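Below: a set of structures, written as structure tokens.
Below are two complexes that have chain A in common, paired first with chain B and then with chain C.
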Partner chain A sequence: MGRIALEGIRKSFGTVDVIHGIDLEIGEGELVVFVGPSGCGKSTLLRLIAGLDQPTSGKIEIDGVDVTRKGAADRGLAMVFQSYALYPHMTVRQNLSFGLENARMPKAEIDQRVEEAARMLDIGELLTRRPTQLSGGQRQRVAIGRAIVRNPTAFLLDEPLSNLDAELRGTMRAELAALHARLATTMIYVTHDQIEAMTLADRIVVLRKGRIEQVDTPLNLYNRPQNLFVAGFIGAPNMNFFVTEAKSGRAALPGGAEVVLDHAGPVTIGIRPQHLRLAQDSERAIAAKVHLVEALGAETVVHASAEGAGSILTVLEGQPLIERGAEIRLAFDDENIHAFDADGQRIG
Partner chain B sequence: MARFGETVGRVATLPLVLIARAFDPVLRLWQRGTGTGGMVAFFLLPNMAIFGVFVIIPLVLNFVYSLTGGTNILLGDRSFIGFGQYGRLLECGNYLQPLTCREDQFWTAVRNTSLFVLFQVSLMVCVSMITALILNRNIAGRGFFRAVFFFPVLLSPVVVGLIWRWILQRQGLMNLIVTNLGFDPVVWLNDRFFAFAAAIGVSTWAHMGFYTLILLAGLQAIPKDLYEAAEMDATPPARVFWRITLPLLGPNLAVVLVLALIRGVQIFDEAYVLTGGGPGTSTLFLTQYIYEVGFASFLRNPGLAAAASILMGLVLVVLTLIQLGLSRRAERGNTR
Partner chain C sequence: MSAIKNFIFRRRGRDGGWHWTDIVTWVWLIGGTILMFGPALWLVSSSFKGPAQLAEFPPTLLPYVQEVATVEGHDAPLPLFEATMEDGTTRILAEIRRIGTSAQMVDPADPGERISVRLTDRTPLREVGLAVDNYVDPFLSFDFMRYLGNSVFVTMAATFLTLLTNSMAAYALSKYRFRGRDAVMLLIIGTLMVPLSVILVPLYSVVSAVGLLNSLWGVILPTIATPTGVFLLRQYMLTIPDELIEAARMDHASEWQIYWRIILPLAAPALAVLAIFSVVWRWNDFLWPLIVLSRRELYTLQIGLNTYAGELNVQWHYILAMTVVTMIPVVLVFIFLQRFITTGIAGAGIK
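Let's look at the complex of A and B:
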């Protein structure tokens, strides 16, 4: 239960094409996260799956059944809205039981499910309150509770934590992960927070301008980004890019360092800030001049610039003594190099 | 371009600026005398003066008149008789049968007005609710229809009454349709039932745009995502209406109800032009009764009319207090 398949999904609002052909298979019990820059179509795609919007073309299947032309009510999915969308005139209990009453479930069973969800989410005390009498985090729980009681085939969550403060977001993230482990129900989770995506997801779908850039596990996305966009989008701070030319199996980086590359023509070499370190004497290295040092305690972020390469970000462990204006040499290992061709596609 | 606009603006506001300049010394003097607090009074004064002259003083005068007797219109020529006029109005064998009352016309008017309010307000709330619900949907030409329903509100009640009298008269539009359909023409406004129904229908048509607007504003204030949540919850449409739309529209609906009640009790101009109270006294309403007793009938009795209007005023005060309370609650509801 909870297999969702998208086939050639397109969506236009009037003359504006928002989603340009999405194919995606989501497995039973999987937690899939949609990430991408603002306006890339994450919410739109989620609403298409929910049935709140109709795709312009393409097919949506849930557990092998074509639901493309079915309304939201007939898809058996539950959604948690960014705004929570709790019914303001109903108590928490009524909010939770509303959907079950629609299904004409016996009162006793409704009560039992509501109690169970309330216990799971620790909102038992709040059942008689109205949404206006709740804090942001409590409303969030109620919104999730409203989805849980219906025992849906899959949960759809649109940036559920974005209205919470950083600390609460951390706790709720952990709770959501625990909840998913416990319910083992398929979840599709929209966010633009990388940490949420990396920590929660079984697989991440990276979207850009209505297209899928890459679908993979969090670590694969980090370790083997398939193109420049994903390489730049995943990981914080952003990956350093060096635009250069590959000739006779080699590409030169600023400061004379060379990397071996089975390619010819223009290439972009990417190295994550965490994968640069201060070089030993004779080691192959990029030469750069420091113009800002941010000491964070556990790590030190060094902003430097190399001739012909613009700025280079380095995250060094601990608290090395580096001063502004110093000349440094940054070494790296071959296995941490990402190379992309002129079209931005990964080489090797 | 911007320069040009500025110049035009400056020239256009010049008269205002000059007037303000002229007032300036006066204001300065006043402020020196009273402090900033006194300025509030200064700016409120013009409006309070108008309110006093046209509302407060007539109200008091009206009450004084209701305590006097005779047919003279000037207060100086009238004799003080205490609450006699009220006694006369309220003297009755059985309030449900106007003919057993001393002022049978008054009680006929009370009965007619009550019936009118009952039916007209119910009709008004239903019709404007349904219209608002339809206009709130994404239908083609929505703006046009909104204008169509609001247009009668802009018409003078007398014009409304005249239009419908022409439509409903013996050789009017309605009878043209009726005869073309093969029926005999009806003299609509000579029929007790039809005349009363016409008064209800016409006044509803004339004012529904206003109430529709209030309800429409309320409907649009309901967040869209609540409806989407309800859709995800597989809520049947009827239940969406009863459990989500209606409760969230409650404050607006209450305001509409009470406003319609207040205006219903005061019904006069369009009904008077339409039916003149007839046939007989079948569409005689309270305001018309007061007007006729006080000014229009041969044996006019200003004191009696004043007493009747005070009684009607009391009813309106109660309704207005309810309305104020409700709209205050609505306000609190909206700022949640």
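Let's look at the complex of A and C:
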């Protein structure tokens, strides 16, 4: 239970195309995260799956049944909204039981399910309160509780943590992960926060402008981004890019370093800030001038610039003694190089 | 207590002195109070005056009643006057009857002697008092309870139906997207520009054709769809987040349940405002009930009151008293529903 398949989904609002043909299979019990910059269509895609909007064309299947033309209530899904959308005039208990009452469930069973969800989410003593009397984190739990009591085939979560402060977000993130492990129900999670995406997801779907850029496990996205967009989007701080030309199997980087590359023509070489290190004397390296040093204790972020390459970010371990204005040489290993062709697609 | 006194009497001037804004504020507030409350207080005070006192000029601020005394040999109590005698002394005398320009009077202490006093030489002896008969008589002779019942029924039924139909229209016009939605809204708003007097005759034909003349439903039904109500509720419902409706839709709620269990409770402040309006409108309605209702037992209060204003004689003392009575329900509605208005405004400020 909980397989979701999208086939050639398109969505237009008037003359504006928002989703341009999306094919995606989500397996049973999987936690899939839709991630991408704002306006990429991730929330729209979630609403299409929920049945709150109708796709312009394409097919949506849940457990092999075509639900494209079915209403939101008949798809057996539950959704947690970004604003929580708790009914302000109902108590927490009424909020939780509203959906079950609508499904004409016997009162005893409703009570049992509400109690169970309240215990699971530790909101038992809040049941008689109204949403306005709750803190942000408590509202979040109630919103999740409202989804849980329905016992849905899949959970849809639309940026559920974006209204919480940083500390609470970390706690709730861990709780969500634990909840998924316990319920083993399919979850689709929309976020623009890549830490949430990396920590929670079984698989991440990276979206841009209504198209899927890459679908893969978090570490595969990090280690082998398929294109320039994914490479730049996943990982913090952002990957350093060097635009250069590959000739006779080699591409030159600023400062004289060269990388071996089985390609000819314009290429972009990407190296993550964490994969650069201060070079030994004899080593192949990129030469750069330091602009800013941010010492964070455990690591030091160095902003530097190389001739003809713009700015280079480096994350160095520990607290190396580097001063602003100094010339540094940055070395890297071949296995940490990402190369992309003129169309931004990965080479090799 | 002293805190309240400080609050009210504090001034903005230097060293607690008068600033020109203090003077303007006081003048504005006192003037405004007189302007707002004056007519109502005048109405209430006049409603306790007898017919003779109402016709008096200059009018008095407070209601007075003539003092009377029971005099031996006369069945009814006689009115008392202060009379100036020919020798310049004044005496308290009771009037037996008036004859031309003089009155035949008697001293209550000495009922045997009759004294003739010119009308210009005496002034009525009066004390502040209430002419309660103004209120009691209509209840006894006039069919007040029946008229009151009709008015209450018309007001309650019309208000209930107004809230129901207008909120349904407002929900559809605020939360559903369909072709021609804005056109429908404009059409509804456009009817605000057509006054009742323009549609009076066609409306009468319609009501007559469906056989609702001389029926309270003929008063109620034409009034329930109000453009003001639809507009007011729609504007309020636009502020209810769509996500709540979507959440309810995910929660298996039917469209009717969404309207009934989500939209209506959340629109309560706007509904209260419309309820107040509707009660006041329907309670004070005069022209339309006057046209539809011609049988006496169906009269509403406002039409019933009209029967005191005859062609030749207007019984102001009864009209004033009954006007006060008809004001009471409207005032009560305001007192009980006004907290919804204020909470509605407060809620709008937070969001």
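The rule we apply is simple: the second predicted complex is superposed on the first by the 348 of 348 C-alpha atoms of A that agree within 3 Å, B and C clash if a C-alpha of one lies under 4 Å from a C-alpha of the other, contacts with A are read in each partner's own complex, and residues count from 1 in each chain.
One rule holds for everything that comes next: contacts are C-beta pairs under 8 Å (C-beta built on N, C-alpha and C of every residue); 3 or more make two chains touch, one makes a residue touch a chain.
Predicted, not measured: the structure shown is a model, and the values here were computed from it.
In the overlay built on the shared chain, the residue A:His89 is in contact with chain B and with chain C.
Of the two partner chains placed around the shared chain by superposition, neither chain B nor chain C is touched by A:Pro237. Contacts of A:Gly310 after superposition on the shared chain: neither chain B nor chain C is touched. Touch criterion met: A:Phe81 reaches chain B and chain C at once. In the superposed model, A:Ala103 lies in contact with both chain B and chain C. Shared-chain residue A:Gly256: touches no atom of chain B or chain C. Judged by the touch definition given at the top, the superposed model places A:Pro266 against neither chain B nor chain C. Across the superposed pair, chain B and chain C both touch chain A at residues 50, 52, 71-73, 77-79, 81, 83, 85-89, 98-99, 102-103, 146, 150.
Remark: chain A residues 50-52, 71-74, 77-79, 81, 83, 85-89, 98-99, 102-103, 132, 146, 150 touch chain B in the complex.
The residues of chain B lying in touch with chain A in their complex are 223, 225-226, 228-236, 239, 243-244, 247-248, 250, 336. Interface of chain A with chain C (complex): residues 50, 52, 71-73, 77-79, 81-83, 85-89, 98-99, 102-103, 146, 150.
Chain C contributes residues 241, 243-244, 246-254, 257, 261-262, 265-266, 268 to its touches with chain A in the complex.
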